[in-house]
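Same chain, two partners: chain A is paired with chain B first, then with chain C.
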Partner chain A sequence: MSILTKPTDSGLVEPLPVGTPQKSTWQRYRWILWVVVLGAALAFPYVVDRPRFWIPNIGIKSLWLGTIAMSLVFLNRYVGLLSLAQMTLAGIAAYGVGYMVVTLDQSVFLAVPVGILVGTVAGFLVALIAARTKAIYFLMITLAIGQVVYSFASQSIEVTNARRGLAPIPRPDLGVVDFAQLHIFYYGALAAAVLCYLLCRYVAATSFGLALQGIRDSPERMSALGYNVNRYRIAAMTFTAFIASIGGVIMVFDRAQVDPDVVSLSSTLDILVVAVIGGVGSLGGVFVGGIVLTLLDNFAQNVTERYMTLTGLVFIVVLLFAPTGLAGVGKQVVRALSTRRRAPQAPTAPDVPTPPGITDPSNERKQQ
Partner chain B sequence: MDQFLLIALNGLTLGAVYFLVASGLTLIFGLMRVITMAHGTSYLLGGYLGYVVARETGNWFLGALGGAVAVGILGLLIHQLLIRRFQDDDMRVALITLGVSLIGTDLMLATFGGTATQVPLPPELQIGLELPGIGQYPLIRLLILAVSIAVGVGLWLFVNRTRFGSIVRAGVDDSQMTSATGINVRVVFALIFVLGSALAGFAGVVGGTLFPLLPGQDGTYLLFSLVVVIVGGMGSIPGAAIGAALVGLISQFSLVFAPTYSLVLTFALMVVVLAFRPQGILGRRTATA
Partner chain C sequence: MTDVALRVADVSKHFGGLKAMRNVDLEIADGERISVIGTNGAGKSTLFNLIAGVFPVTSGRIELFGHDVTGLSTAKRAKRGLARTFQTSRLFEQLTAAENVFVALGGSEFRGASLRVAWPSSKHVNTVNRWSRVERLLDRVGLGDKGSAIVADLSHGEQRQLELAMALALQPKLLMLDEPAAGFSPAERIHLVRLLRELPEEITLLLIEHDMDIALAVANRVVVMHDGEKILEGSPADIRASERVREIYLGGSLDDVA
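Presenting the complex of A and B:
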């Protein structure tokens, strides 16, 4: 959208009070929801009937699926890029941990930071290639890069042990906290996921995050204002790679091994499904998506053998009928709609000259 | 030298199959500006259906026709039910068709099982041809190369030289104006989508004759056709031909000289092209590239 485009969203130009967002009733009482959700998450291991089934299969898996999907949603919501490489980056981090633990026989104290570093650096490299493109091209290129990694992982004997993967990667007993115990590991994963969520919220609110949103809404204007659009995109992708890597580290200890399946196309689609189904207006929605997917995964088999078909149907139905209810992906869809379609959709970035760094009207909506 | 020529010819015939798949994708994208992620599913489904028809009737050509027509009809359904409403929203089309491919993968695994199948070839075509410098070479591979070239030339003429092609191009540039001249743009787009899908189905039968059909190939061929159109330039049929030839040659040569990294090298080609020409070798630079 250049400044020269016709102001199709002219109905939205009414100025909102800059800097002091109007709090809706919902926003004022949102903390209650948070207390309930966190309380439920904390009580979860003690209220379920079969902890040995529920904690790993639903609890921990939802947490890492959600964390990885959160990195996708962040990138989509604040940068306007839909990346299908997030699962791949998480998988690379998982391989980093696996290589350190299994092949090099190092301690987890070293393996975990190395894993996260490897995943983040990989994200930076992917960004160098992919940040040159956007929209549908970006989607295709991140998907293709993911498949390069998959083919490498399933063929390279020396690094990834090909199809057999790297195992075992036991959960560590750190003395004070024994992650080998399921519920302790669950709390660890929960803490990591919550910290990632808070970090995402924090980064989005910094001047860096605001610049990203400016670039998302109008790269031309931000570029004219002296922002290096490409570098900001690369930095944002590197940040989300860091978040995805943390999810990948939780995943590798949850699975106790790492094999090419974690970077396969279907795992990538899982993350997309989580992001699309779960998104109900905030970054935290991905955990709802994670729970829906893991429940489908575990219980749909009782009803039908075609669990993938069911997942795909749910995915399509959500996309067809509830696009505005989706978190990041929905926003991207709406944005793509509003740039092309005649009728203005949900309020997306009106073309009014808003100075960067100051809350623009579209941010208000995104605080929801 | 013999080996070099043999690998090159293998690469070109492999590229011919890639071109058949990717030409449908690039046709749909070039004219409708949407990407269908269910394209690999169309390929594999076409292959399986062609296999069933050819096995039942004993006629390869009926199989090819059946695969193409059935997948084309399915493409019409997908277009009418899922894509038409979101014609202007490439992102949503990509995601919806990804969902379709998820379902397709699962249902094909359920229907056709996990074992490899191959479309039966009439015995009169199962012969070799004596080629100078190479020796015996399967006739069918050469035929497929010829068919692929014919399809490519035909498509290019169709889009650039026929009245229908110019209607389609006009519809892309300004669909309102085109419909104001009395042309039903929706029908035109639906036809293009059907044609693109049918090409993928046909490619599936052709590919399924040369190589075994397996679950998971839907993903593989989707990715290869994505790479081909990215390398060649989105929407360009000559570009897809160049891209397919490059991808086919690289994957065959690396299969001989560096087998472990064959796929990695193929994708490295894409990375290199993107670094120098983000719009692809023959792609037009657009606002989105």
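Presenting the complex of A and C:
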């Protein structure tokens, strides 16, 4: 394959100049937000007053909640599917790690890849069952599969050790990096979450990702164009199972054990809440959702006995007043501030035909 | 060549108790230009959907380029060289016009699954070629300056033009257009007729069109449908002269047809 061949003739396909009018102000300055957020995330273990509380309960937990919710958001945003199986798949990956470490006494070097593989393959199997169905049926099938896994996990003695689960699953000391140290593990989780985010953005920007968005908008059209819609849906679900599995691996080391709780309905709903608070459709917003949920989880009890009620209220308020989630609110503010800056089309040299100005496919779209 | 591009043999379609299509026979040779006319509800779009495989026939048989495709999926028929547009636009609403065509090209190139970044700034030769084809197709249908517009922001007429560009992107052997001029301005109609007349000779065209001027100007043969049946077939001149067609349209002028 001749990679990176430069087009030679006619200048027909001149790349878009940087900062083309297609880029909104929001997109142009998004990197500043990124620097701030990443800086805050990096400084976090050193600026909090009680690291042993904050790092695991807020930091690490937000990261794996966010990563798993991101797999849900990817499916929703780019393929138009709402899957309630993502937490289940993460849980299956966690069980995979647990079984390798606890039952088979294997090293984490083997346990982690096996866990991710098991979760991904499980996602592929779920996809085979669910990919043909749509909308509410898809939601119900993925929910039902989760319930089947939950009842298996809480009953099987040999595989999952029933209600007691598999423990201990200690954070490993890998020599070079010692994940047994809390802040090191936090940075590992942060790196994994950021890589998952970048991978999702990358996949969305490929020809494959564009085809997925085509399926989201019109599956009939995609079939008429010769695409095997089903196969694309299965591929997308398998990919998001991979992302969810990585979240599941972070989770299992964070909890140091795995039990049926992780595949329960309430864990599944947690992921949905995180996705909605972060803004279904916003890949990065899920981490905001994760932080909000963990903060509520830890501090709401101090304010009120009715913790669940408060979470429910936040959920409803977000749905009512910020259908694009909390991250969406920030985005809207930046957009509102920048509308007057929408410049006219940049003039182009008359003899060079402009390429069809295609916006970067990963750019923010209108929310439906 | 006089090879048969499409053969519809004794095809019927029932929707529950509704007989939307009754024992229709149709044979189209390679390179022919056929217009299908008929009142609303005559079964024209149903005929397209059966040929494209959107739903199965109740009875009968459909052959594309000499192969029985009656049991094949829509996607497999598309890969045999069939492209169609929809009466109501089915576009990728949240993508730009150019991205719509880019995705359409993926269907014919079998490269849709590529994990290469699809940005126009990509330097990879395949991506570069694909974007330049996108540009040519948009120019061809008169959307040259609309590439970067999100589909939802395009006018109705522009969306119809984009439908056409996406069908052409497949480089089809058989092109089926379902009322492509609906909502077009007079200028866009003229552009469409020119475009259809300039289609490469080997492309077989099956056209459903409201506008009789377009239907008769483009076709070398016209098929009249009524109430789920094919009632007449002939040259544009025959159809203009036909008493039967006049009767069906209640003695109105031919401009009321379809």
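Structure notes:
Definition applied: the second predicted complex is superposed on the first by the 301 of 368 C-alpha atoms of A that agree within 3 Å, B and C clash if a C-alpha of one lies under 4 Å from a C-alpha of the other, contacts with A are read in each partner's own complex, and residues count from 1 in each chain.
As a convention for this text, a contact is a pair of C-beta atoms (placed from the backbone, for glycine too) under 8 Å apart; a residue touches a chain by one contact, two chains touch by 3 or more.
Just so we're clear, the structure is a prediction, and the values are computed from it rather than from any experiment.
Of the two partner chains placed around the shared chain by superposition, chain C is the only one that A:G209 touches, whereas chain B remains out of contact. By the touch criterion defined above, A:R221 lies against chain C but remains apart from chain B after alignment on the C-alpha atoms of chain A. In the superposition on chain A, no contact is made by A:Q181 with either chain B or chain C. Within the superposed three-chain model, A:V229 lies in touch with chain C and out of touch with chain B [touch as defined at top].
With both structures placed on the common chain, the touch criterion links A:R132 to chain B but leaves chain C unconnected.
Residue contacts after overlaying the shared chain place A:T311 against chain B, while chain C stays out of touching range. Of the two partner chains placed by superposition, A:S107 touches none, neither chain B nor chain C.
Interface of chain C with chain A (complex): residues 52, 54, 73-75, 78-79, 83-84, 86, 90-100, 102-104, 106-108, 111-125, 127-128, 131-132, 134-135, 138, 144, 147-148, 150, 152, 166, 169-170. Chain B meets chain A in the complex at residues 35, 82, 88-92, 94-96, 98-100, 102-103, 105-107, 110, 219, 223, 226-227, 230, 234, 260-261, 263-264, 267-268, 270-271, 274-275, 278, 288-289. Per the touch definition, chain A reaches chain C in the complex via residues 2-7, 12-13, 15-16, 22, 202-203, 205-211, 213-214, 216-218, 220-229, 232, 235, 353, 355-361, 365-366, 368. Chain A contributes residues 82, 129, 132-137, 139-141, 143-145, 147-148, 151-152, 155-157, 265-266, 269, 272-273, 276, 305-309, 311-313, 315-316, 319-320, 323, 329, 332-333, 336-337, 340-341 to its touches with chain B in the complex.
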